[in-house]
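Below you'll find the structures, each written out as structure tokens.
Each of the next two complexes has subunit A plus one more chain, namely subunit B in the first and subunit C in the second.
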Partner chain A sequence: MAKNEIIGRPFARVDGRRKACGDAVYGPDIKMPGMLHAKFLASPYPHARIVHVDTEKAEKLSGVKTILTAKDVPQVCWGLMVKDTPVLAGDKARFMGEPLAVVAATKREIAEEAAELIQVEYEELKPVFDPEEALGPGAPLIHEGAEAYACAMPGLIRYGNVCGQTKISGGDPEQGWRESDLIFEDRFSTPVQHHGFIEPHAVTARFDSNGRLEIWTSTQAIFAIRMALGEIMGLPLNRIRVIGTEVGGGFGGKTDITVEHFCALLARMTGKPVKMQLTRSEMMTYTSARHGCVIHLKTGVKKDGKIVTREARLLFDTGGYAGHGPGVAALGANTILGPYRTPHFKIDSLSVYTNKMNFSFMRGPGGVQAGFACESHMDRIARELNLDPLDFRIKNLISDGDTSATGQRMEAVGIQEALNSVAKISNWKQRKKSKNRGWGLCCCQYELVGMTSSALVKLSEDGSLHLVIGAIDHGQGSSTVLAQILAQEMDIPADQIAVTVGDTDTAPYDTGTFGDRVTFNMGNAVIEAARDLKVQLFSGAAAMLESPAENLELVGQMIRDRDNPEKAISLLELAMGSYFFQGGAPMGKSTVLAPFQAYAYEKVEGNPYPATPAHTYACQVVEVSVDRDTGMVRVENIYSCHDAGRMINPLGTEGQIQGGIMMGLGYALWEEVVFDGGRVTNPNLIDYKMPFAINQPKIRIAVTETKTPNGPYGARGVGNPPVLLPAAAIANAIHDAVGVRIRELPLTPERVLFSLKREAANKK
Partner chain B sequence: MKDMRYIRAASVTEVTDCLKKYGDKAKILAGGQSLVPLLRQRLARPGLLIDISRVADLKFIRKTKNTLKIGALTTHRQLETDPLIREHLPILADMEKQLASVQIRNLGTLGGNLCHADPAGDVAPALMALGAKLKLISATGARTMSVENFFKDFFETAIRPDEVLAEIDIPLLPDLGHAIYIKHSSRGVDTAIIGVGTFILKDHDTDTCKEIRLCVGAVGPVPIRAKNAEAVIRGKVVTGKTIAEAGKKAREEISPVSDLQGSAEYKKELIEVFIQRALKAASSGRRK
Partner chain C sequence: MKKYKLCLTVNGIDYMLEVNAGETLQDVIRDHLNLTGTKTGCDSGACGACTVLMDGMAIKSCLVLALQAEGRKILTIEGLAQDGALHPLQEAFVENWAIQCGYCTPGMILTSKALLDENPNPSGDDIRMYLSGNFCRCTGYQKIIDAVSSVRPLQGGRHGKK
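After this line comes the complex of A and B, so read on.
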């Protein structure tokens, strides 16, 4: 196989067969002898003082092994950003569904029944559900004494019910308003979205006789789980082993601990393995759904369509605990200008406590909300300026050398090429407009996460290669891509490479699978590890071939002298020689902390994350038809163009884009976790509506490749942008079709119909 | 669930004997598409589960001179694909295509659907429009009841704790009779926001409407007939004008209730739109 053939070629997934044949082991599949089953008791009130908890009746139920309440568990507060979360709610409950007690019993049904038998005396407190109200004077304080909480991330701005705030400013907004010919203002609001993974959260924990904790969990980030467990359990990290199972969908919802600590504590108490598997309703009332958000935008433009200035305020409802809220608010702030040159701006993005469940990461966090607002707002401005939405965007697009809101010098900006490409495949300029049908356009610029990845490449005795990593493939196809990268570096067929996703004991460190970072950052780590291995192999071969190491090359599983090709040795021979005579077992290793340009901190305040090492770009055109009598929207066609930097596996790239678009389509049209006060009224997949297969419109995908300097072969992630696009693209298309601008998601038939009726009434 | 007993019945007699003995402590399990989720969520906690899924006597589709008789254990999918149904009552095949997914249609049964009495169910308004009757059997005998009288409230029917629904008896459509079912749901095959079953019979000579039934589901505790709207059409030639008037009447006479699929205000709008659409389709649609 010639060089350069592996990168960019379609590759079947390395995990495909074992998943299709059913031998992949998921979280719920774990079973152990003597295993107990756990269940938690959830608060029935959104905000209540817990006066008294009586477990006596529940403990008497036959089969119940132990019950833990707040007084029985470590008195630590943990948290990803703000350490505000008790292990179990003790003094008060801050959302309906918050765990107050955990039961371990011999059967799941017994644990369920015991949880119902626990008697709790509550004193209801005044709740607050709306983030705007939570900021107002006299709003109930959800965390009294929040100022005493420690922070895991530096520089957080916190006060009252605000647990994080990012402020970014640039230019001179006052001057900007004076220079503007026209000013546009809009308010947008977005719903809570549930990840909707097929596989529920499932965790099994046990302590071995040396007091070492082993835990099996369906997670995206084994090392993050280990760190949180260490803090809660009071154990050094080398006494905890986190084993990631196969993951049946993560989408950001399996990044942090959910019930791992409950299982660990119950296992320590009972001396037995303890398993906990969440029901759909528990997942939808307790785990980290997408933040609902309210966004105010005000933009000043010149008559010719040049953007002059923007003011943005984003309120992320983060629920009873901070979770990743402060970071999500920061990502919202970083995304709200879109890929457009904006000389003057002032951005204020808040993460606000309310009495709802703790919202946190979901695919494209912060960006999905900001993207809907920014791109709907852009469309409105274009319409009112009588400019084609494409031309208006092109007029304002950033390009290489521009500065981001956060002060980074932009490079490898892929949006222009992507926009040209989507205009071409959708035939935008020649689009046909017929009655009740319309076209919408949307662009996206988002950020990917860098942080640390490490890889280990082992040459076995027979010359075959084995890649060991700690980055979970939660279905997005990273293990396949990494096999291809190693194959490319070692010039060996990719199907001859075995990839093992190890556990926290056996694999080198990785930050986790999220933020479009695995292909990008672990890709670099694999390249580094391969190069490290090659140095060792060339040094071994140099002695055997009596050629200088710098003269050697690896081609077709042979190492040979470039100038004297008959001087060659196969990997097999080299391995044997190395294992038995000189050198030992060849092992390439690497650790890569992604390089990044720091933010300009005189412009950016309160952002808890390290700066992004690369941006991601995509854009989309959709065609819809609207039934004016029922408000039903039908998405007829989607044309989507994504900049992959450099495609590693076109099959995986397209799969990620297709799947992400469907997730974005659900967000646009149907999906909403509905709250009545603090109660979720639709905690099931009948009443919470994700798209069915029959709802998939025709999707045409184009991929552009604007190589990013920090990525492996120029690659960047493609997982998040597809989710950012459909909501605004569809809302803009609805406006084009029937003339109503809808600023609130989802775009349900009911919302569309009443918008039409209001519009008709206004015209009269 | 741990204290629940389970019996798999082999015959109708065994079912009725069990019901006689255990009454409302028992719950009948047929296809499990409604009951099993309720059990899992601990919303239903019967002492005894009587599994009737293997009672062969309840699985049939038969044609008599004037009716089609359908066993209560007939699955949705069987109804959708059966040649007799497609020939004589295509409304039911059409209705089934819009009900849930193929997987659910392959397991869920007609009887289970009716007895669960979800106010948003699709089967009930279609059967009401056709004037179907239900045969209920107990240890002491059998009785027959119209579908229209069967539903009492949200998830409540007229069935007694000792009875099992055995058969659905549907009159064949007369010549010049048309029956259709249309529904609106957010994802196309979803729980109905509104469902309308319509039967219309026109006079051969005058083209006036001789008989009409407009049955609306998902707007209240039970499916109901839009009788004022029917009165607008009955005895008249169906025109754009009468259709519009009927839609308005239906909107006035029905006070819908909000549910998770749609608000009362939205359903109010849809009643007018869907009564009109149903009348238009049924009066101009294909024969039968």
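After this line comes the complex of A and C, so read on.
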């Protein structure tokens, strides 16, 4: 290990200054000479046959360059898991807000006016909005002929309005029910949450005369965008260049195509650059959001508090198209047992089509919904068994060598230490109970995504190092963390490393920025690339120093012989020498595929994410006060402990945790995309309530470090778990404070007040 | 469409422009002057990303019509650093990891400047209250509050030049 330890130190962000000075370039900031502006026409009905589209009047508007409808665009269906999504709705519209036509015009206002002039004849169809109803007999079928759709993900279970289903079982549930002393049943439901990034989706595309597509987009995954565009545009991938702009917040909502294909098609048609920037209302009615979910839980326990068996059924409302729904349902299934030993269980988790927008990935997908249900249910069981919620959890906690829901063998389980730590900082055992104040506890076990990352480390003539990657830093700080990792491996000050997030032409492949995977998997790739570079440097230096390569080490930008330290050459000399005598300086490169983990494949069906290269752990204690007259909940204190495996940068780690907790707090207390039938009634940031600084409670954070064997220096992701915690912790604290158990989010004053009234009425 | 003359000062430079009656100050800054450090987020005054200082007051430039800025002095994020030296608030945001995606940052920094110009020694709650027209979805606000708290007034109670 290098002398100057860089891992674990609070480095300032590599992109801090350009963001503080306003010169970072985001999607909406892209401008081109002669650029056209695009707008789409959205379906005003949640479920309707499109009988006729007439663009004649719109086309006559001065400034309109072209209008595309379903018949003018490639007749392909695309989709990440199920290929069910047409480029533009042609035969029917499946949600209110679905694009039917796109216009390119010289000005944005003209494009908007033209879209309104398009005349469409619809024939309304019976819609379905509730996932439980969508499963019932006689429910309208949202995709006729869905069985003909191709699947990008093999082994998906699909039928009727179900586009994905994960089934997992373990032990013998029937025996479990017989062995149980007590059985608890609950039904939970969770709302749709808007990602709430401040930067709107904005895309600019152009074709050059060689037929090459260049596209600037604010995305978390440049290669995923390129892949989808290739399929839609019918272009080989080497004719598409996706350039990721700075991303003004992603949280899972910028992993997939939103309007990239519209801009590309309009640019091809007009021969001009085309830009499309969504309004907040379009973002909240057309792009994705967090799945609403209904969860049934039934758990059998022994009198002493040992969990025996659990049955879980989760219904994820995925909207008009599958999107990542089948994957989100799988993650919900994987999370629903929590970090608790459950000898017998049966889990059934469905992704169901309804006539709403397409819900997809959002920070902690599946886990946030399942976490609220599991941890509220656990709290209820503890209360009814007269056990302290902490003791009840400790009694059932998993540890190394246990298996996950899917039968993966658990290692580096960090939950025990995190739970001890949160109990300590919150003083749980000595907590003071006063009138209308209460305490809630919550644990989280989630998983991170591995997949593929590649890195390129270039040594320049002057010995300086350049890291080139295709993993977007959408704010979480990955570029800084990766610079630190390279600095550590090359024993160079971190501020001397330049990080370039390249585009799809210049950067080596990476799966994308989501699922807590960049520090974890790209971190490993950077270590491998640095080691590859060192092997080359040592081999070059060996000849110059007349020392065997295996004797060489890199210390303080000098390569020297371990046994004979005066035999040394600086990185600068070696770099310069390589350029002149070896035809260029060496480049370190790597491709790292996260290791696949074994799981109980015979017990798992239809699950696209059956195992993870590392689980993630966190725990939280919340103290609330409740106003019985208004139902207002005030979160007084949050104590949160998170296992980072190994912290690479404490500032970045804390930032992820603090930000995630506030997003989770919003989900718990205020945030809900409200639907009236298929219509979103609050598609703006005034009526959709996200937390401001003034809503911030006192938050105290602790970080534990249970090193995971697969992560760089033992690190694991910390971005998702913080969002999983607050909802259940607060709901449990409300129960502790005023005795009502609320099984539906958000925990608004109305909901609390009605629960209190119902409780009072029941007592009479 | 009828054009109107607009004279205003942005970051110390005087401009004479022609605008439509419906254009906002945000349109002038971003589209006419290409100062894209002023961000656009909601076009409804909800998010605070487009905050600039107008005669020293923090305002949401999407809610101000361009013609209402006639004769006013506007400061955008591009005008804050002086001769390559960051303003103490910019330094503090960088040092404290008060920036993640950075999209709210220009608005946050300018709002914070207005606060410190009014009240050189704000408490944590003063800062929370003052910044509660600006959304940040990434940081959870704590590090922004830390950053603003860390900036102490220079001699004479001002923060930096400007």
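Criterion: the second predicted complex is superposed on the first by the 758 of 764 C-alpha atoms of A that agree within 3 Å, B and C clash if a C-alpha of one lies under 4 Å from a C-alpha of the other, contacts with A are read in each partner's own complex, and residues count from 1 in each chain.
Heads up, the rule we're going with is that a contact is a pair of C-beta atoms (placed from the backbone, for glycine too) under 8 Å apart; a residue touches a chain by one contact, two chains touch by 3 or more.
Since this is a predicted model, take the numbers as computed values, not measurements.
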Partner chain in contact with A:I110 - subunit B first, subunit C second, else both or neither: first
Which superposed partner A:I694 touches (first subunit B, second subunit C, both, neither): both
Touching partner for A:G660 - first (subunit B), second (subunit C), both, neither: second
First, second, both or neither for A:V674, with subunit B first and subunit C second: first
Which of subunit B and subunit C A:G248 touches, first, second, both or neither: second
Touched partner set for A:L753, first subunit B, second subunit C, both or neither: first
Touching partner for A:F197 - first (subunit B), second (subunit C), both, neither: second
Partner chain(s) touched by A:I686 [first = subunit B, second = subunit C, both, neither]: both
Partner chain in contact with A:G22 - subunit B first, subunit C second, else both or neither: second
When both partners are placed on the shared chain, which of subunit B and subunit C touches more of subunit A: C
Overlap of the subunit B and subunit C footprints on subunit A, listed as residue numbers: 279, 684, 686, 692, 694-695
In the complex with subunit A, residue positions of subunit B that touch it: 1-2, 37, 40-42, 101, 184, 186-191, 193, 260-263, 265-266, 269-270, 273
Of subunit C, residues touching subunit A in the complex: 30, 34-47, 49, 76-78, 80-81, 86, 90-91, 93-97, 99-106, 109, 127-129, 131-145
Residue numbers on subunit A that touch subunit B, as the complex places them: 107, 109-110, 112-113, 279, 281, 629-630, 632, 669-670, 674, 681-682, 684, 686-687, 689, 691-692, 694-695, 748-750, 753-754
Residue ranges of subunit A in contact with subunit C within the complex: 10, 12-13, 15-26, 28-29, 31, 195-200, 246-251, 279-280, 474-477, 651-652, 654-655, 657-663, 684-686, 690, 692-696, 699
